[in-house]
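Heads up, the next two complexes both have subunit A, just with different partners, subunit B and then subunit C.
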Partner chain A sequence: MQLWQVHGAMDVRWMLRDIRTLLTFVIADSLSSIASASAIFLLAERFGAIGRWRADQIVFMLAYAMVVSGLPYLFFNYNVSYISRRVGRGQWDHTLIQPNPIWMSLLTEGFSPFSAIMAVLPGLALLAWAIPRAAPPLTLGWLALLLLNLSASVIIALAFSFLWGSLAFWAPRAAEELNLSTWKLLDQLKQFPLDGLGALLTGGLLTIVPSGFLAWYPCRTLLNIDTRPAGPMVTPLAAGVTALLATWVFRRGMKQYGRTGSQRYLSFGHRR
Partner chain B sequence: MRSPILVTSHYVRTAAMATTSVVGDSPLFLVDYLLRFARVAVLLSLWRIILADKGPVSGMTLSAVLTYTLISEIFAEQLACRANMEMTLWEGTIAVRSLQPMSLVGQLAAEMAGRWLLGLILVSAPLLLSAGLWGVDARPATAAAGALFVLSMALSISVGLALEMLFGALVVALQESIWLVQQLRNAITTVLSGALLPLALLPWGLGGVFAWLPFASQASAPLRIYTNTGDAAQLLAIQAGWSLLLWPMAHWFWQANREKLTAYGG
Partner chain C sequence: MGAPDHNDISPSDTVVDLIGVCKTYRQKQRSAKLSEVFRTMLRPQIRQVEALREITMQVGRGEVLAYAGPNGAGKSTTIKLLSGLLAPDAGTVRVLGLDPIRHRTQYVRRIGVVFGQRTELWWDQPIAASFEWKRVVWDVPRPRYERMLGLLKELLGLDELFHSLARELSLGQKMRADLGMALLHEPEILFLDEPTLGLDVLAKRDILRFITDLNREQRITVVVTSHDMSDLEQLAGRIVLIHKGRIAFDGSWERLRREFTDQRRLLLEIAGGPPPILTAATLVSNEAGRCEYVFDAGHKSIAALLAEAAAQVEILDVETHRAAIDDVIADIYERWQQDGTRSHEGGLAKTSAP
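After this line comes the complex of A and B, so read on.
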């Protein structure tokens, strides 16, 4: 909590240094967040439904996707969620020399509650609008399931990022920008309802590239489109499995890093 | 005066270097290309769900929409027309480029064409050849549509390059982070260009308004000509008009702001 306070204060000070830059960031983040969901939203408005999804359910799914996209910016900014950059650029030592456990550093160094708030706020506002219209009758249990699934979706996205980003321990130069591609993969596919895709492709989008778990699958279960009783627990289960796998691979990468270190770090800011 | 052959060979070699640099940089570049296959699969499936059992919607049949979507992905890089002007500014290589005996626009265009080559080989050609497997007729609606598509693509690239220079000059003019301008541009063009969704299928008559904007000239116009779902003469005229308007604007804007540029090596 203290570290979050410190990083939050630094975030505020950085923002207030230049109001013009602040406004530009706020507008760009909001536009980016809204634009990512606008295509499917406009389709839903035009046609009233997409397959089994009503327009308001589509809006719920898009809002969910926007929140899942925005939360990593809020809590894991400054390349924590783009771990391949930190490792590939030789900046991982900055984290290792901190007097904190690595997990604590990763959990706090990226905390940007003010500069990244506009990446989350549009999604939250849309979610608040969509819940009364699309969701089953509101109960504490359902809200708890929503929070659980939201957290699970974020964990899956981060775990996928760390899983692939760990390659930077073995190939720092080649894999430095790999997380840019992995986040693009997740972001561009998460907004689509995947019903009717066929078992192979759907399976691939729930395993190899788990963008299906970032909005489509958890929303199906939360909105009772998929009425299987254990449905709402599948995404949290997937989050556990992905997190374990990512942790194992990352630890292997750390061992490799312990043997080789990084040749890319340059003290005057850039890298080899 | 330099021989045209010599000048052309400069640009060809620049394009060739750009092609090999993508492959040489990292073997993981293939990840970006995988995304394109996944995206087209999802979009084709989506359209089949939405337009199933519906007749033509705003003049577009399911078959036309599927062709539109596939061709949009086959020529995705050409329709987006990104010359990486912002990266040139961010890396500071603009300073080095300004010293080369080639125009800045020429250099960027040549490198862009070089990067396209790889995408055309690895993604566009396989998608086109496998169109039947996707259940899509990839042929132009008519032979005339196919011929006009080539002209329209040339105009689309012209408009795209002009916009690229404009946005690059905007980065310099605003003295802001390139990522912000990039984000703004991506946000605007996602819907306005018609590359992802045909503008005719947007609600509230938005498509009719967006069709007049320069972004629609980048993607929507050539795709509508290809699928014969728009008035080719009108679309070509709009594209030509934007091309004639945007290039002088881009030139003036760049001239007006380039003195603000400071590069720390690169």
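After this line comes the complex of A and C, so read on.
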């Protein structure tokens, strides 16, 4: 908690370091948020309904996807979620000389509650708009399921990023920017409803590139489009499996790092 | 190669203990020929570079150890091993009785590390914020933090830059702040990798003075690497010279000069006439009756040379100078380089297929 507090305070200080930076930030983020929200409404309006999805349900899914994209910025900024950059640039040493378990450093060092808030707020606002229209009657149980699935989707996105980003332990230079591609891949695919796709393609988008779990699958179950009773637990289960796999690969990468260390160092992007 | 001068360190005083440490890196060899590109891609030639070979070394509590060697000798590898950033292939590394890798979180609480070419400071934050971050992450109790902060501000002159952003500081100011941050949690041992790299003479002098004071007053153990030998000579009582992964010398500066070369300069001011011819001394310049000679004091004494000169000319004045430590070390490196060339890569780097 104290670590989050100190990183939160540093984030405020960074945002408020001068009036010009603050205004640029606020204006740019507001424009980008308006554009994102407008795009979602325009898509929903244009298509009206996609298969079994009504327009308000599509808004719910796209808002859910926006929140899933935004949360890693809020909690895992400064290239924590782009781990291939930290490792590839030789900046992993900075984490290793801190007297905390690695997971604790990773969980707290990228906390940016102020500078990254605009990455989450539009999604949350849209979600708040869509819930009364698209979701089943609001209960505490349903809200808990929503939170569980949101967290699970974020974990899947992060685990996927760490899984591929760990390659930088073996090939620092070649894999340095790998996470840029993995995040782009997930971002581009996560907002498509996958209904009607063949089993192979759907399976692929739920396993090899698990973008289906970042919005489509959990929203189907949360909105009762898929009524199987175990449905809401599938995304959390997938999150557990992906996280275990990512942890295993990452730990192997750490062992490799212990053997070879870092042969290069770039200060770029480290602590801003 | 000399035997260590510091065998008198008792086990309880030993804070750094390296025994038979080896570290080998693998480097893929690439061919310049296009015809070989595919072959080397599928079956790369691997060159084994032995960065450290059977390094055994102890450092006592409160000691300042200079760790030097030419580029690629294995200095940074050693500092990384000691900081817990790298694991040895063979041998054991124990610092403060702990394994730096296995006991990482416990260990890094007790050490401080400064890499001259990197910074631990948060770039877009005032120095005060980086220090506060350090206090929280290292969980330093507030009264201890305040006491150390006061001390460090005074010794390093941090007051003037405490509220400036790290990116606005000069190289010397950044190094002062980095040093302060590394010491905030009162480490028992400090590893400094090229701390004076790129600093001007004034900044360098401040840093050197600070480290010396710190060692004297706090009895903190310091292991420092640098290419600047005069810096190291000012700081450390003992030097370990590493060459191609092996310890080539471990002892005092005095002994280093004695064993490798005791080259000196002799300046004679004479009344007139041609410069005297001295055996075992080389005349390097002769201007307006001031004759400068170079000689090895290990082979011929100054008294003998003066007697020889006095027999030939009238001497008006005499000056002698020891060779600067940088020249001594440069001579040693040059000698190693020549030896290495003669022994044709000497089997230090082996090449093998994967």
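The criterion applied here is as follows: the second predicted complex is superposed on the first by the 249 of 272 C-alpha atoms of A that agree within 3 Å, B and C clash if a C-alpha of one lies under 4 Å from a C-alpha of the other, contacts with A are read in each partner's own complex, and residues count from 1 in each chain.
Everything that follows uses one rule, which is that a contact is a pair of C-beta atoms (placed from the backbone, for glycine too) under 8 Å apart; a residue touches a chain by one contact, two chains touch by 3 or more.
All values reported here derive from a predicted model rather than from experimental measurement.
Student: Going by the touch definition up top, name the partner, subunit B or subunit C, that contacts more of subunit A.
Tutor: B
Student: Between subunit B (first) and subunit C (second), which does A:A35 come into contact with in this model arrangement: first, second, both, or neither?
Tutor: It touches subunit B, and subunit C stays clear.
Student: Thinking of the overlay built on chain A, is A:G261 touched by subunit B (first), by subunit C (second), by both, or by neither?
Tutor: Only subunit C; A:G261 stays clear of subunit B.
Student: Tell me the contact category for A:D93 with respect to subunit B and subunit C: first, second, both or neither.
Tutor: Second partner only, subunit C.
Student: Quick check on the superposed pair: does A:D226 touch subunit B, subunit C, both, or neither? Answer first, second, both or neither.
Tutor: Neither subunit B nor subunit C is touched by A:D226.
Student: Can you pull the subunit A residues that subunit B and subunit C both touch?
Tutor: Residues common to the subunit A contacts of subunit C and of subunit B do not exist here, since the sets are disjoint.
Student: Along subunit C, where are the residues that touch subunit A in the complex?
Tutor: 25, 77, 80, 83-87, 89, 101, 104-106, 108-109, 113, 117-126, 129, 132-133, 136-139, 165
Student: Considering the complex alone, what residue numbers of subunit B touch subunit A?
Tutor: Interface residues on the subunit B side: 25-28, 31-32, 34-35, 38-39, 41-43, 45-46, 48-50, 174, 176-177, 180, 183-184, 186-188, 190-191, 196-197, 201-204, 206.
Student: Quick one: in the complex, what on subunit A touches subunit B?
Tutor: 21, 24-25, 27-29, 31-32, 34-36, 38-39, 42-43, 45-47, 50-51, 167, 171, 173-175, 177-178, 181-182, 184-185, 188-189, 192-198, 201, 204-205, 209
Student: Flag every residue of subunit A that touches subunit C in the complex, lowest number first.
Tutor: The contact residues of subunit A facing subunit C are 2-3, 5-7, 9-10, 13-14, 17, 93-94, 96-101, 258-263, 265, 267, 270-272.
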